[in-house]
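Just passing along the structure, written as structure tokens.
Letters A, B, C and D mark the chains in the order given here, with residues in each chain numbered from 1 onward.
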């Protein structure tokens, strides 16, 4: 039986608001999921649906109000700080905003190699830099000049996101959490990145892929969970979520997503205006 | 870094610093010494006034010619300690007359005659109300001052005779109300402005860094208290407080530095706090901490390289403020009178009536000195700010 | 009809000059929705901004942009100002703060009405309420400030402001970036229905080809400053000519799991 | 409008807090003088009866907390006791001087603010032209030239060399008769001091406003204003300048303490009959009640202007009425 990498059991998170008059909001309500090795899960939801908070709870960056998370078999709330660090070293995390995810003063290659140097020390520096260079090449950043330019000046939004992905993959994580990793890419590079990630998943890496695009979810993961205002409103294989959505919100998501194929059937454009959905 | 060394402000600062260090050794006249009558004008001004000069006769020089194209001097003074082989007389030959100033006997003679002594006036049979200097130096032309033997044999003389003529002009920048040489005062003033300016700002920046980091990192209660304190200190007039403290506590240089820094750290504290807040929440720092990177590593590898340029720019821009504050307090006469500073010079110029004499050469040097130092540090600050974000460079140029 | 004939735009910077658009030609007839699709940096926004001559000062524009028989490029400043918003209105990007933060939404609309149309005050007030309703916003939002509105509401207010002087042409520059999918759908629908109802011409610029395919009558695909493909959505999907479009369509269809 | 009220109450509370801190600072400042407080508060030259009466007035024999409360009451009611130097009540001294200081600072501040703002805007509109160079240079001047140096020079040139303006004093002695004559005489005395403050001040304003305006003009809503076919003048003044007002007020706020501190120096150089100069004389003359009161008044003036600018900020910037504005 392949071992479970991650279990989340009834995880809830409450943000008290600074202003006493207004009560706080529940970012997450009773989210449960199980992720086995080599499996990938898509989290589908809009901004404010709690997807980013869930990733941060899983990594132990914030404490959940109730429920617990087991990472590689250890409960992150009760384990020691040192073992939590060890757990995190087996995970990779690609944050949503590409601008805050990279140290601006380092060069691109340093930024990618840095996690390896922190974990394995400077003596394995050559190893780190060759791994970093290889990763950057696979993600389409090949120009030598770019590798040594400072992150702050040399990179476009799309390149910066790919460097962040490389930085998360350098430690050969057994669990990769990525929050809309292809939001800044255009169509062609988007599928390339997903192929790179899928290849890693086939080699045994588990992945949680956050997106608002159901088609992207199907391409990146076999299983999907739809989040609405912190609650899981539907969970199924990504194929059935697309073809036979149950929950009203999932239906609206599918209807709202423009596709080329639906656009070219003559009638689709006329009935576009009728199936209104108000959340 | 190299481009900094080619910057005009850096080179000028270096030159001024070296000048102020070498000053005590190189200057012929010490700043506190009274060298000429008060309010004498600089040499290159009012050429008709005679410069203050000192004519000496000694063993082998018994005669000195003085070219005198000027108006008469204000005061004269004769002093000497000599031994003579032959009785002779101290003589001043004017183009038309000849005056015997003093009779010298054989052997040891010591004398100290001032132009206003009555006995001296009678010996030269002038009226007691006569002005000796304008009588003696009434015409323009060639004067000779010599020791003339009573009989023909040339005398041998040991020791020196000095003939002080107090005129209206002196040195490069004239003299102040106490007759001290303004140029050497000006050079000595550099030291105070530089020391106070730089050390007060450094101390203030350290305080700012300390409070900024704490309120940035700690957040919550400490943050609100510190920031409320900063708001309050920024909303009250600081000079009156400095005046009171300086008047009663801070007579010395270092007390003044302490007081100045106590009330100028708020700006840096705010910038450092903003910087720490933005860095603390950025996800890559969180990620590094998550991977177990030691805090020292994070501080050294990430926080410092990012905050340093901003901090340096902050310091460079803070120095003019400190220099002006010190100058202000000394101008108000609240600083230690023994310490020579540009502010003090301006204070004395103002309160001892540089105006009634129109002595603009007393005002310009210290004032322009302060301005120059401030401009230098402003330029250095601008240069450092341009290192932080290059578009700033563009913004000023276009 | 707006006709863009052999338009070229170069950005002149001290270090180098960049060719953003290279003799592109496109026409936007009244009553039709024309899509302009391209990746970021393909020059699509520059092309749109060239029409009302809103490009920054360090740009050189050659070619012609005809509004019926008027060449906009050679118009004097004040005639250009009469055309702006009266004939051609602009709908800004979703992420842009297109409203002056210290003025209410109502003030923006009134301002445009007073400058372009001689209307008595009560008629102006009525018209403001009408365009807001048309754009799908309650009239009470007129005295709200921009920062009090959500992304979707701000875009609806932008549409209302654009409709104020009932222009003949609308230029929408990626109107739904930074909006979530459902709000994007609603905004695009409002825009499409209004264009059809009022028989306006709409130039719809986006990087999202499927979105353009949903509502546009004709689509032009831009790649590195040149229009490489023109045609109806069906032609673009069924037989694309340019290599770039082929690749783009193939990737999108693959993603949608539709191998044709 | 309710949020506006709550915003204003927060601002007034803030100012009262600052006032309280000033009072504490003032109270301890003079009690921490070197030497024992009783001696410092009571001038030895005073006769025994005056000493007894004064020590009762200041409650010097009572515990510190009582002294502080008494001190608070006195300060609030502006009853500052007697000046050691003049023997008259400190309030009388200050009452005659306060209007001079306010007219000096008020007119200087308004003139340099308006001149600076207008120049800053023109410099931002006409980039690269000579007006921008002037603004850049005048900015550097106002940050580097010591005020007293410039003022001394002005005095030397326009009062000594070319006797256009009076050399010293707020009013010529003997004062002319007739209201208008006195008014013009007073203004004639103020021209040089106010002129010097404007000369020193407008550069800083111009530079700040120019940098702010350049940033605002590059905003999207300005481009949208042009897209709406609005005339350039309308965009500059109704959109760009309106957005500029809140940060402009913040600059005003931050510059206030400096300007009021500057009053001391200006009044000393021009020997004007003002609170600043009185403070200096009180300090050098060891006249503590007057020194304390003058400092208190100057601080009060700053707090009052601060509050006024803060309340104005609430009107000018709608965004501020909602969340607490962290300055």
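Methods note: a residue touches a chain if its C-beta (ideal position, glycine included) is under 8 Å from a C-beta of that chain, and two chains touch if they have at least 3 such contacts.
Treat the numbers as computed from the prediction; the structure is a model and nothing was measured.
Here the chain at the heart of the structure, going by C-alpha means, is D. The leading chain pair by number of C-beta pairs in contact is B-D.
In terms of the distance between Cα centroids, subunit C is separated most widely from B.
Each chain gets one centre point, the mean of its Cα atoms, and the points for subunit B and subunit C are 67 Å apart.
Note on chain placement: the centre of subunit C and the centre of subunit D lie 51 Å apart, centres being C-alpha means. Rounded to whole angstrom, the centroid-to-centroid distance between subunit A and subunit D, based on C-alpha atoms, equals 56 Å. The distance from the centre of subunit A to the centre of subunit B, each centre being the mean of the chain's C-alpha atoms, comes to 66 Å. Multi-chain contact residues of subunit B (touching two or more other chains): none found. Contacts between chains close into a ring here, every chain touching precisely two others.
Every pair of chains that touch is listed here: A-B, A-C, B-D, C-D. By the touch rule above, subunit A contacts subunit C in their complex via residues 46-47, 157-158, 186-188, 190-191, 212-213, 215-216, 218-219, 242, 252-253, 255-264, 269, 272-273, 277, 279. Partner subunit B is touched in their complex by these residues of subunit A: 59-61, 82, 85, 88-89, 93, 95, 97, 100-105, 114-115, 118-119, 153.
Subunit C meets subunit A in the complex at residues 39-40, 180-182, 184-185, 189, 192-193, 207-211, 213-215, 233-234, 237-238, 247-249, 251-258, 260.
Looking at the complex, you find that subunit D touches subunit B at residues 14, 17-18, 21-22, 25, 29-30, 33-34, 127-128, 136, 140, 143-150, 152-153, 155-156, 159-161, 167, 211, 214, 253-254, 256-258, 260-262, 264-265, 268-269, 279-280, 283-284, 291, 294-295, 298-299, 302-303, 306, 326-327. On the side of subunit C, the complex with subunit D involves touching residues 52, 54, 80-86, 89-90, 92, 96-103, 108, 111-112, 115-116, 145, 147-148, 161.
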